[in-house]
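The following blocks contain the structures, represented as structure tokens.
Two complexes come next, and they have one chain in common, chain A, joined by chain B in the first and chain C in the second.
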Partner chain A sequence: MAVLIAKWVVFVLVSLLAIASSVLMIYVKNTLHSALFMVMAFIASAILYLLLGCQFLAMLQIIVYAGAVMMLIIFVIMMISLKDEEKLARKITKTKVAGVVISILFMMLFILIMGFNSVKGKMGALTSIGDAKTIGSLLFTRFLLPFEVASVLLLAAMVGAVMLSKKKSFGGEDQ
Partner chain B sequence: MALLIESIVKVIVVFGIFLGFVAYMTLLERKVLGRVQVRYGPNRVGPYGLWQPIADGIKAFFKEDLIPANADKPLFVIAPMISVAAAICLIGVIPFGDKITLFGHTIHLRITDLDVGILYLFATASIGEYGVVLGGWASGNRYGVIGALRAAAQMISYELALGLSVIGVIMISGSLSLSAIVAKQAHVWNVVYQPFAFIFYMVCALAEINRTPFDMPEAEAELACGYNIEYSSMKFALFFMGEYAHLIVVCAVATTLFLGGWQGPFLPGFLWFLIKTFVLVFFCIWERGTFPRLRYDQIMHFGWKILLPLTLANIVVTAIVMVV
Partner chain C sequence: MNLNQIMTLLPLIILASFAMGILLIGAFAKNAKGTSTIGYIALASMVFVFLSLFLFVGKGKMAFGSMMRMDVYSIFFNLVFVVIGVLTILASISYVKITGIHSGEYYALILFSMIGMMLMASSTNLVMLFISLEMMSIPIYIMAGFLRNDDRSIEASMKYFLLGAFASGFFLYGLTLIYISTGATSYQAIANFIAGTQRWNLSKLIWVGIAFITIGFGFKVAAFPFHAWTPDVYEGAPTSVTAYMATGVKAAAFAALVRIFFSVFSPFQHDWTSIMWLIAVLTMTVGNFTALVQKNVKRMLAYSSIAHAGYLLVAFVAGNAMGRSSILFYLLAYAFMNIGAFTILMVMAKKNDYHEDLDSFAGLGFKYPLTALAMSVFMFSMAGIPPTAGFIGKFYIFSAAVKSHDYWLAVIGVLNSAVSVYYYLRVVVYMYFKEPEEEIPTYRFSAPTVFSIVLAVWGVLQLGILPGDILNIARHSIMALM
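And then the complex of A and B:
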């Protein structure tokens, strides 16, 4: 019982943190601060994974998203220092129409989600997807073909990225 | 309830001892480096300079705490905290001894044993990197920004090779839990099966903690201390503590993964663990006195064009040997 209450308290606090940092990510003017709030949102969602018993997913979420991806984004932000861009403050037209349409769509989605009943039953081998062994064995048996296709696609994207960045610095010092 | 109390006591004891080691690590480094460079090192405060870390701490505490006018104040304050907190959190999953019996309780000498212990180490270390990067950027100083950029690029590059270098060990042990990996090494240490992975790990780890010969983010000669250029007093001390704590943890992880952890004959487990970790820590100090700093492009070339293919080859060879 005490554990359940503790879990519930952590869930509420962390989800509030996730929502707050997501909102702040959009509203903060400073680009780097915005990126850091995104890191916070990622970490909060990793904690939510932990609450669901998905240790493996939680750790990967932090390593891949909060660690590697956001570090690259922050690296780029620091390198090109967007100070001049901030002053420009580009105007996007028809924001009010877009805002109304998006909020109506979101409300519909919200109502639909609230209407669903949660699935009842025990956690099986497939639902406890947080386990490294389960994920590994599934990837190499049942989902082998999609896994291989995805890896080839990622490799192609990587080679493409290298080619694109190589062309720009052609003739100059390659970094 | 007993479990909760046990955990809290363990955390406090380990935290205290670990911070003590971190403090005396600074003295050890200055002493050994002094000997390497044919001088005495600190010897004024107390016998053999033994109270030097305490004097340093008091000095750092009472110095004026400056925040530059064009600094990003919140980030400037938070950055050293991130650095030191992440480094200390790393010690939480490392098993430093066998179970002992105390007052009728069986106590495992580790704070916790996660199923994904190795991934936890990488995740926490990657959060710790933000400390250095944000610290340099938030200073509002060009040297600081260049240091931060270098730190970010170097850590991303070497994190990859670091992760790949331990995969061989994971393959042999068949587990991500550090306790299981230590248990597997009861007879033969992993360094026997994975000698090259051990070397790769130590090289990547030195780069990961920004230590000579990879200390580009704080190269004094060109960047005037880089990311921590604007830091003074306790904030600087926190960065310093984070760096040394990370160094000790990296050596402790190497001990756990490659040198059999606390396993060893005659002596109790935690003593073996301390001895092995100390040998690696000593190596880190020794190589600082030996190697000159590499150039930045050399570091990048070495990381991407030599270390990464070699660690990948190590994984392939390990897999082939395991299957055949």
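And then the complex of A and C:
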């Protein structure tokens, strides 16, 4: 019982942290700060995975998202100058108002819908895919096709990134 | 995994191996000649895929686990994608030369995104559906930005990418909500869960999930509240890519939409029909009325593409067997007429001067009578004038609406179609009845381009005069879905 209550408390705290840091990520003016809030949101969701008993997913979340992806984003922010864009971002107040209004409406809708009947959680099914062994075997049996297609997708995305960022414009005769 | 399952993937394996092969060859063939050779290799892959589809005919349903299924429905759509691929690649070969896209990666990306389209039409699992949607979209985001000297192209790529990522977020959230409320990702299991549960015991999140999925699809087919990106992206992207995405993405999104909505969410048909009704009417009206004032033909075709999404949604709302099979027929017809019209625009494009405005068409009928004739056929077909494919398609769509006793929808659709005649025929009027203000430049016609135009004209007339066979196949394909 005590463990359950402790879990529940941690869950509520971490969820609030995740939501708060996501919101701050959007509204903070400094891009670097917003990147750091994103790290916080990633780490909070890693803790949520841990609460569900998915150690492997939690580790992946931290290594891939909080580690690799964040590094890239921070590199990009540091390499390109965002001063003009920051000025532009301050001007857009109408969109902000619209965003707040829509968020509130959406929350109300959500509460209304959830109020009708509670969602039947699928915790039982989820906890069994937490460790590396199960994920690995699932990827090579049930989810083999999506796994393979995802690899082709990554190849296509990589080719595209190279194409778009290549320095010399293709085509000999132009410029 | 046995041999049968690998066989199911054969068309995809062919596409993927050709695409990777092209990437390798592309590294050594950087000049214009090498690029057109690669174009012919890509064309060969289409032939192989086309031939491989015959292996599935008459085999019934072949499934890859719960992930995807090759049934008659998938085969029909794969055929549509092959048609789109052949027409686009043929038209691209000289357009790529004119605009200076000397890179084999262009063709590789076309093939990559076609893998996604084919998977979208045949996937029977939410996980597969999402990955195939991304597989289709990401290469197209890239291809939209291929004219790197043109600011409009970069803008198109960026706009499409940002909004597309946003729409993907909605789509993924919708899929998650469906998973939360049913505990399954395969279509069959979800349908079983919904059938086995009392309507009041179902979580309300299913409805929210359906709404979110609708937003995702609405973005991809350019339906009304999610259409704002369309004109800019279609105008800015290279014309060959515009032709490819206007037809291919639309066909793939409708394929997945029809499959998931009519096989999984059919118990809720009554609920989503009312919303789709409004979306269909607004999509048609907004598309057609905005197209009226366009001076740029490429932009006009972009708005007309929104209007055509509206007609397709009319058939979707009608929801009966006739409506569903007319979606299939119309998508094929639309592929022929739309790519045909864009190919004419590609012929007229010069480097740094694309000749896309209406004035460029003035007097074209006198200097290039055959080109003007082909363009007229495509315009007549889009306007829905017999004896073209567009007429038969619209006829079946509106009769499906009448058959489901939705008379208002049919009336609004026909009125919209009448409005659209104005801007389609304006192009024809410019070509035949208007003196050119300046000298018409010399357009060069390469063999593949001419072949592409001839093929498109043939398709439009064949489907318009003898639509029986294709309609039968479309009807059978729909039966396989149930």
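In this text, the second predicted complex is superposed on the first by the 128 of 175 C-alpha atoms of A that agree within 3 Å, B and C clash if a C-alpha of one lies under 4 Å from a C-alpha of the other, contacts with A are read in each partner's own complex, and residues count from 1 in each chain.
The criterion applied here is as follows: a contact is a pair of C-beta atoms (placed from the backbone, for glycine too) under 8 Å apart; a residue touches a chain by one contact, two chains touch by 3 or more.
All of these numbers come straight from a predicted model, not from anything done at the bench.
Legend: residue contacts after superposition of the two complexes on their common chain; A:111 is shown touching neither chain B nor chain C. In the superposed model, A:1 makes contact with neither chain B nor chain C. Contacts of A:143 after superposition on the shared chain: chain C is touched, whereas chain B is not.
Looking at the shared chain after the overlay, A:62 reaches chain B, while chain C stays out of its contact range. Greater residue coverage of chain A by touch, when chain B is weighed against chain C, goes to C. Contacts of A:74 after superposition on the shared chain: chain B is touched, whereas chain C is not.
Of the two partner chains, chain B is the only one touched by A:32; chain C is not.
Residues 175 of chain A touch chain B in one complex and chain C in the other.
Contact residues on chain A toward chain B in their complex (touch as defined above): 30, 32-33, 36, 39, 43, 46, 55-56, 59-60, 62-63, 66-68, 71-72, 74-75, 78-79, 131-132, 175. Of all residues in chain B, only 72, 75, 114-116, 119-120, 122-123, 126-127, 129-130, 133-134, 137, 145, 148-149, 152-153, 155-156, 159, 176, 300 touch chain A in the complex they form. On chain A, the positions that touch chain C within their shared complex are 109-110, 113-114, 116-117, 119-120, 122, 125, 142-146, 149-150, 152-153, 155-157, 159-160, 163-164, 169-175. Residues of chain C that touch chain A in their complex: 1, 9, 16, 19-20, 23, 30-31, 64-68, 99-103, 105, 108-109, 112-113, 115-116, 119, 125, 127-128, 131-132, 134-135, 138-139, 141-142, 145-146, 148-149, 157, 180-181, 183, 200-201, 203-205, 207-208, 351.
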